[in-house]
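Supplied in structure tokens, the structure appears directly below.
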Amino acid sequence: MKKIVSLILALVMIFALAACGQSAAPTTTEAPAPAEEPASEAQTAETEPEQPEEPEVDALLVDTCILMEADDAMINNYSLLAVNPEAPFVDADGKPVDDVELNTVGAAALINWLLSEEGQELAANFGYEEYGEYLFYLKDGRPVSTAEIPEATEETRLIRLSTTTSVNDSGLLGYLLPIFEEKYGYEVEVYSAGTGKSIGNAKMGNADLILVHSKSQEEAFVADGFAYVLDGMPGERLTWMYNYFVLCGPSADPAGVKEAPDVKAAFAAIADGKYSFISRGDGSGTHTKELSLWPEELGISAEPESFKDYADWYISANAGMGACLVMAEEMGAYILTDKATFLTFVANDGKIG
Amino acid sequence: MGSSIRKAIELILSADPELLNILATTAKVCLTSSVIALILGVPLGILYGAGRFPGRRVLLVLNRTLMGMPPVVCGLLFYLLFSGVGPFRHLHLLFTVPLMILAQVVLITPIVVGTMETFVADTAPALRETAKGLGFGPGKQFRLLVNECVYPIFSAYLLSFARAIAEVGAVAMVGGAIAWKTNVMTTAIMTYTNRGSFTLGIALGLILLSLSLLVNVVLSLLQRRFSQ
Amino acid sequence: MKTAAFTKSYHRRLALSLPELELPKGQITAVLGPNGSGKSTFAKVLSGIEAADDKQPILTGVTVGYLPQKSFPFRMSTEKNILQNGKDPQRAAALMHALGIEGLAGQSAKRLSGGETARMALCRILMRPYDLLILDEPTAAMDMESTLAAEKLILESCREQGCALLLITHSISQAKRIADRALVLHSGGLVEQGPGEQVLYAPREEQTRRFLEFYGL
């Protein structure tokens, strides 16, 4: 048996060695993170976001383009919430559990850093080098931290961050966290899933902080007592960043979305003309936002029953953002997406990663 | 497909550190879990196949049921047990490689047991008749039986390794697909697919298949060598 | 050597019922009978592989060797298979030579043909002496040449070792060639027993006669 095991191990090592080959052609396995931080100043909310425009990248490969953005109804706020160690945790049977171990020191350190001058500046400039556009904007009246950030100790080194796939896919965390880890010696484990699963993961005591973008779900999280106020912070929900959802579609724009006065009118135009629309359909933050934008009389909700009469044009994909963008591109359909994911999608010739 | 193959080759040649990390984690999880499953499953399978004891049939039915356990259910079970609010929370094992291995061991040991049991139940009567006819004692009969098991041990190992390397439900639940830590090939493919990068997903799938092919070829050769 | 009387049933159906039998040492007793007459059951109960209905031993204080109809080749070379039943390589070589399988000594036993496996199995059981040796159709898979060599070897071993040898066979000519005594079974019962020249050439029972006519063609 020993022989076999060692042989298998040898095999894998050969494979790995082969993999460690010569060529060093750069490839992308992660959402691209810019190598150098841009030198420009922090972009804040006072700056007017760009007007709708065709992305400059290869339009031959990707026909889908941004048709409407920067509408107030499409603001996408990002919040940080520290998980409360005294929260009313319950186990799978509903019995209370009062000794859930959380790394509160680490969570506070990460939040304080993200809300510090340095962290905010980095976040605001993220993506400019790569796309020529800012992906995130700092919010007016955002909390700012000046708290001193302690070095990691053996007990506080590991920080568990639960977040949503769209946050993770934007590449922001992949860009910010290594800088934080390098500077203070922490190690941040990013658990990324749909908003519901991600918050559920925190409620099961498996995260020290969460970074999400769904106001209603954040408020429920706070109301249930799962978040708490950090020293020197104004509240449980620390909303410090935002960007816009964008309404995308085929460049020919058969529904005339570009001319619509606001996003609600744009959605109504799509529904009127029965133009194909791809819905995430997975209970994500993007999905929640999309549901709120349809004309109320259509009655579209998360229930499959509610859109069964629109099945000829309303496509509930139940898939990730990228997969839905691929579908929209293939079908020439309209779609609501966060801007960061869309820009990544276009920059990669119609795929993410 | 062609672009996926190109991409797969490109990925391997570029020695992308994240890919290497994913490969290493995959190898660590799948090899360890399949070897542990083998160590646990082979004696149990021989016992079930050759033994005559009360409750054997019940255990067999139970084992066959476990063979059909959906990986995601197994993962969910371990997630709940080792969660921050679960009974084993103080072990701090959620989202770690050891727990991924444990979940896979639970998932694939029944396959080893089942494979071994089928073979032994098939072989043992004829072997026992011959060995007993020669006047051999129980000890020698058992040694001869174990000696027959080399071929099916390879088969059982291949099956369990294949299941380990191919399953995504358990490792995704229990490991959380955390980059640089618990992300394996299958969870990475899932992630890329969700992002819409199907080409990259297929490329990783091709690498996974080639890895599986290599292991299979080597083990099949060994199997032929050792089983005569 | 005397065997006790016994009955053997499967699923409450009587398969075999035999009286006390005398098995003389150094002699070959052929057990004859059509299919389903209980020959193999007889061998299994006598060898102790299966227990009689009353769970009482049929034989006491004797060593029994039993070669099943389909003997199992262990996963090792032909020679090692044979040496499983005795440590004397010279005897193994002599036995293999007698049956013409010395050229297969190093080959994996799993790769032997049916006839070769049967010859290997016969060599294996003849490696050491037993008080009672039961051979169930040892030559069924062999060609004529091997059969004759095997019969010669069986006869020699029986005389040399002085064991009581039960040869279960469906071949009347084989019984005529090497059996000292014969025992005829039919439908789970003993029809006739006695010296070979009497049972095989001048049977007393009608059933034996019909059997000999039918199978002795």
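First chain written, first letter: the chains are A, B and C, and each begins at residue 1.
The working rule: contacts are C-beta pairs under 8 Å (C-beta built on N, C-alpha and C of every residue); 3 or more make two chains touch, one makes a residue touch a chain.
It should be emphasised that the depicted structure is a prediction, and the values quoted were computed from it without experimental measurement.
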Margin query: Testing understanding: with touching defined as stated, what is the shape of the graph linking the protein chains, line, ring, star, complete or other?
Written below: line
Next item on the list: Please list the single chain whose C-alpha centre lies closest to the global protein C-alpha centre.
Entry: B
Next item on the list: Express in whole angstrom the distance between the two chain centres, defined as the mean CA positions of chain A and chain C.
Entry: 80
Notebook entry, point to check: In angstrom, rounded to a whole number, how far apart do the mean CA points of chain A and chain B lie?
Noted result: 34
Note to self: Between chain B and chain C, what distance separates the C-alpha centroids? Give it in angstrom.
What the structure shows: 47
Checklist line | Touching residues on chain B, where the partner in the complex is chain C | finding: 126-127, 129-136, 144, 147-148, 150-151, 227-228
Note to self: For a test of understanding, state which residues of chain A touch chain B in their complex under the given definition.
What the structure shows: 1, 4-5, 7-9, 11-12, 15-16, 18-31, 89-92, 97, 100-102, 160, 165, 169, 174, 189-192, 201, 204-207, 319-326, 345, 348, 351-353
Checklist line | Touching residues on chain B, where the partner in the complex is chain A | finding: 7, 10-16, 18-20, 23-24, 27, 31, 35, 38, 79-80, 83-87, 89-90, 92, 94-95, 154, 157, 176-179, 181, 188, 192-200, 211, 214-215, 218-219, 222
Check: Which of the residues in chain C come into contact with chain B in the complex?
Finding: 47-49, 63-68, 70-72, 74-76, 84-85, 108, 110-111, 121, 124-125, 130, 134
